[in-house]
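Across the two complexes that follow, chain A remains constant while its partner is chain B and subsequently chain C.
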Partner chain A sequence: MFCALLGSLATRISARTSALRPALLLAQPARELTTRKETILRMAKGYRGRSKNCWRLARQRVEKALQYSYISRRLKKRDARKGWIMQLNAGAREYNMRYSQLINGLTLARIGLNRKVLSQLAIQEPYSFRAVITEARGALERKAASLGTRARAADGAIPQ
Partner chain B sequence: MPGLQVWAGGISRAVRPKQGYVGPRIWHLIDARARVVGKLASSIATLLVGKHKPTYVPRFDCGDHVIVVNAKDVVFTGRKWEQKEYHHHTGWPGGLRTIRAKDLLAKFPERIIGRAVRGMLPKNLLRKQRMMRLHVYPEADHPHDAQLIGSYRAYGPRWPLGSKPERWCPRVEPPVPQGPQPLAPAQPPTQPP
Partner chain C sequence: MLRGRLAGLGCAWRAGMVLGRRALFSPLGPSPAWARTALTHAPVLPPPADHFAIVELSGRQYKVTPDCVLCTQSLNAPVGSTLTLDRVLLAGSSRRTVIGSPLIAGASVVVRVEEHNQLDKVVVFKKKRRKGYRRWRGHRQKVTIVRVVNIDAAQLNG
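Coming up: the complex of A and B.
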C-alpha cells in the first residue's frame, strides 16, 4: 500500500510537470522519469543525520513521517474544535454562563451557529455575541418556566 | 456582502492570532484575607494562564497580572498548618529539606500562595513567565500603584465563590502634579482647658 501510494505520487508529479511544460518534456524526456527511490529521498530532504542520505534510514523515516502527517491531519480538526470550545467557555463565563449551558440554550433556541463562528463572535463581535447569549438565556428561561423550575443560567445580569 | 468577513470553509478559514500574540494584559488585585489556599490558587492560575479570556490560545502567554495582598492571612482547612509539609532537595546526598506549612508561613509568608499557584500552572516553558506575573505581598501594601492607574479588577472576600470580580474599578486619572505646595501654617497647640 505504501509503495502504491508513492507510485501514484510519482505519476502525479510527472503528469503535472508534463502538463505544465510539454516543450521541456520533449526536449529532456529522461529528466522527467523518477524512480521510487528518488521520490523517497526527495521527501527525506532536510532530515537530521543520515536519514536524509541513506536509503534504508530515509525509507524508514519517510514512512513514519507519512504516518505522522496522516494522524495529524485528523488531530488538526479535533484540536481546533477544542480551542474554540475553550474560547467559547471563557466568552460565556463573562456573561455568567457555562459553556454547556450556552450550547444547551442555543439548541433550545434553534440557533445553528457552529463553535468556530461563535468563538469568533466572542472575540471580534462582542455585541453580536451578547445577542446570541441573550437568545440562549431566553430559551433556557422559557424551558425552565414550562417545567416550573428556575433556569440556573439566568442568575446573573447581563453586563452592558 | 462587502465588509463582512466570511468565516465559512472549515478550519483553514478560521481567524487565528498571529505568532507571539499576547493581547492586552490587565491587572487583578486580590485580597487574600481568610481565603482557602487551594481555592484561591486555582482561581489565580486561571487568570495567569488567561483562560478567562475569549482570546485564549494555549500556546501563547496571554494571561494577566495578579497582585495578591495580605498573603500572610490565608487559611488552610483542617490541620494542614501542622501537618502539611513542603519538600525540596538541594541535590547533595541527604539534601532533602522539609518545612512545615506553619514554619514556611512564618519564614516566607508569600511562598504559601506562590507554591500552590506554581503547582497548578501547566508544567511547560511558559510557567516561568506566568509566575513572573504573580506578585504576592504578605502585607496590605504593594508597590504597584503605578500599574493600577488604569482600569483593573479588585476582588473582595466573596470571590472566587461567585467566580466574578466584586467590582470593576473604573479608570482613575493620575494625580496632576501641582508643584511645590506652600506649607500649611503651623497650628498653635491647643491648650488644654
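Coming up: the complex of A and C.
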C-alpha cells in the first residue's frame, strides 16, 4: 500500500517535472560561471597590499605563487626524505650506530624497509626499531667476520 | 561518500595517508581525549590495535593496523572487493617483531576497497619568462581508500 502510494507519487512528480521543464529551467539560478579573472582574484585573497585587489598585480603574484608551488611540490619530497634520514640518524645513534652503518647493515640483511617507515618505527615502535637495529648490526658483524676484519670491529668500526 | 574530505574530521585526504591508532607502548594508555574522539569518530578511527604490519602496495610502504583506513594510489578493483597483499616487510605485536628478509613468507594483509575518489585539485602552472610559454593544467590525483580487514602473520603467534 505504502509502496504503491510512493510509486504513484513518483510518477506524478516526474510527469509534473517533464511538463514544467522549461519553466523549471528558467526558474533555476544560472550555473555559476567563474571567469579566469575571478579564479585568479580568488586565489589572491589574503595577499598583502594591492596584490589582493588589483588585477594586474594579483595576476603577477598568483602566477609566481603557482610557479613556486610547482617547485615546492618537488622540494617537499626531498625535504621529507631529509627529515626521515635525520630521524633515523638520531634513532641509530641511540644504539651507538651511525645512519650510514644502519643503512649498510639493512642492505646486507636484505631488509627492504624504506626510510619513511623506519623513521615511523623509530618514533612509534621503539621495540620493533631496536629489533631492526639488532638485525642490521648482526649483518654488519657477519660481513666483518667473513672478511676477517675482527680487528677493525674491535677498533670501533663496527659498533657494539 | 567522503568526496575528498574525511567525514567527521574536517581534514582532507592526502596521498599515502593512513588513519589508524596504535597505543601499545604508551605508558599512560589511551588518553581521555582519544577516548572522547573514539565515541564520535568510531567509524573512521579504529580503537588502538595490538599489532601492526608494514606492507608494500604499489611501490609504497604503509604501516597498518587492523581496521585502519588508508589512502592509496588508484587500484583496479571494484568497491567492496578484498585484496590480499602478500608483500609484508615487517609485523609486530606487543610480544614480538617479525622482520622479513625482505618479505615475511606466508604473511599477508587483507584489505577491503572502500572507495575510489580523487584528491583536491592541484593547479600545475608552468611559465617561462619572455618566451611566451605558459601551461595551466588542473590535476586531480586518483586515489583508492581501503580498510585493513586482517593482518595475517603466523610468525607473530608462534
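Basically, the second predicted complex is superposed on the first by the 118 of 160 C-alpha atoms of A that agree within 3 Å, B and C clash if a C-alpha of one lies under 4 Å from a C-alpha of the other, contacts with A are read in each partner's own complex, and residues count from 1 in each chain.
Everything that follows uses one rule, which is that contacts are C-beta pairs under 8 Å (C-beta built on N, C-alpha and C of every residue); 3 or more make two chains touch, one makes a residue touch a chain.
Source: prediction; values computed, not measured.
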Touching partner for A:Gln124 - first (chain B), second (chain C), both, neither: both
Touching partner for A:Lys116 - first (chain B), second (chain C), both, neither: both
In the superposed arrangement, does A:Leu88 touch chain B (first), chain C (second), both or neither? first
Looking at A:Asn104 after the superposition, I want to know if it touches chain B, chain C, both of them or none. Which is it: first, second, both, neither? neither
Applying the document's definition of touch, where does A:Thr34 land relative to chain B and chain C: first, second, both, or neither? neither
For A:Glu63, is the partner it touches chain B (first), chain C (second), both, or none of the two (neither)? second
Could you tell me which stretches of chain A are touched by chain B in one complex and by chain C in the other? 116-117, 120, 124
Which stretch or stretches of chain A touch chain C in the complex? 63, 66-67, 69-70, 73, 109-114, 116-117, 120-121, 124-128, 131-132, 135
Chain A touches which residues of chain B in the complex? 7, 11, 14-15, 51-58, 163-164
Over in the complex, which chain C residues touch chain A? Could you list them? 22, 24-25, 52, 54, 56, 61-63, 89-90, 92, 97, 99-103, 122-127
How about chain A: which of its residues touch chain B in the complex? 76-77, 80, 83-84, 86-88, 90-91, 93-94, 96, 116-117, 119-120, 122-124, 156
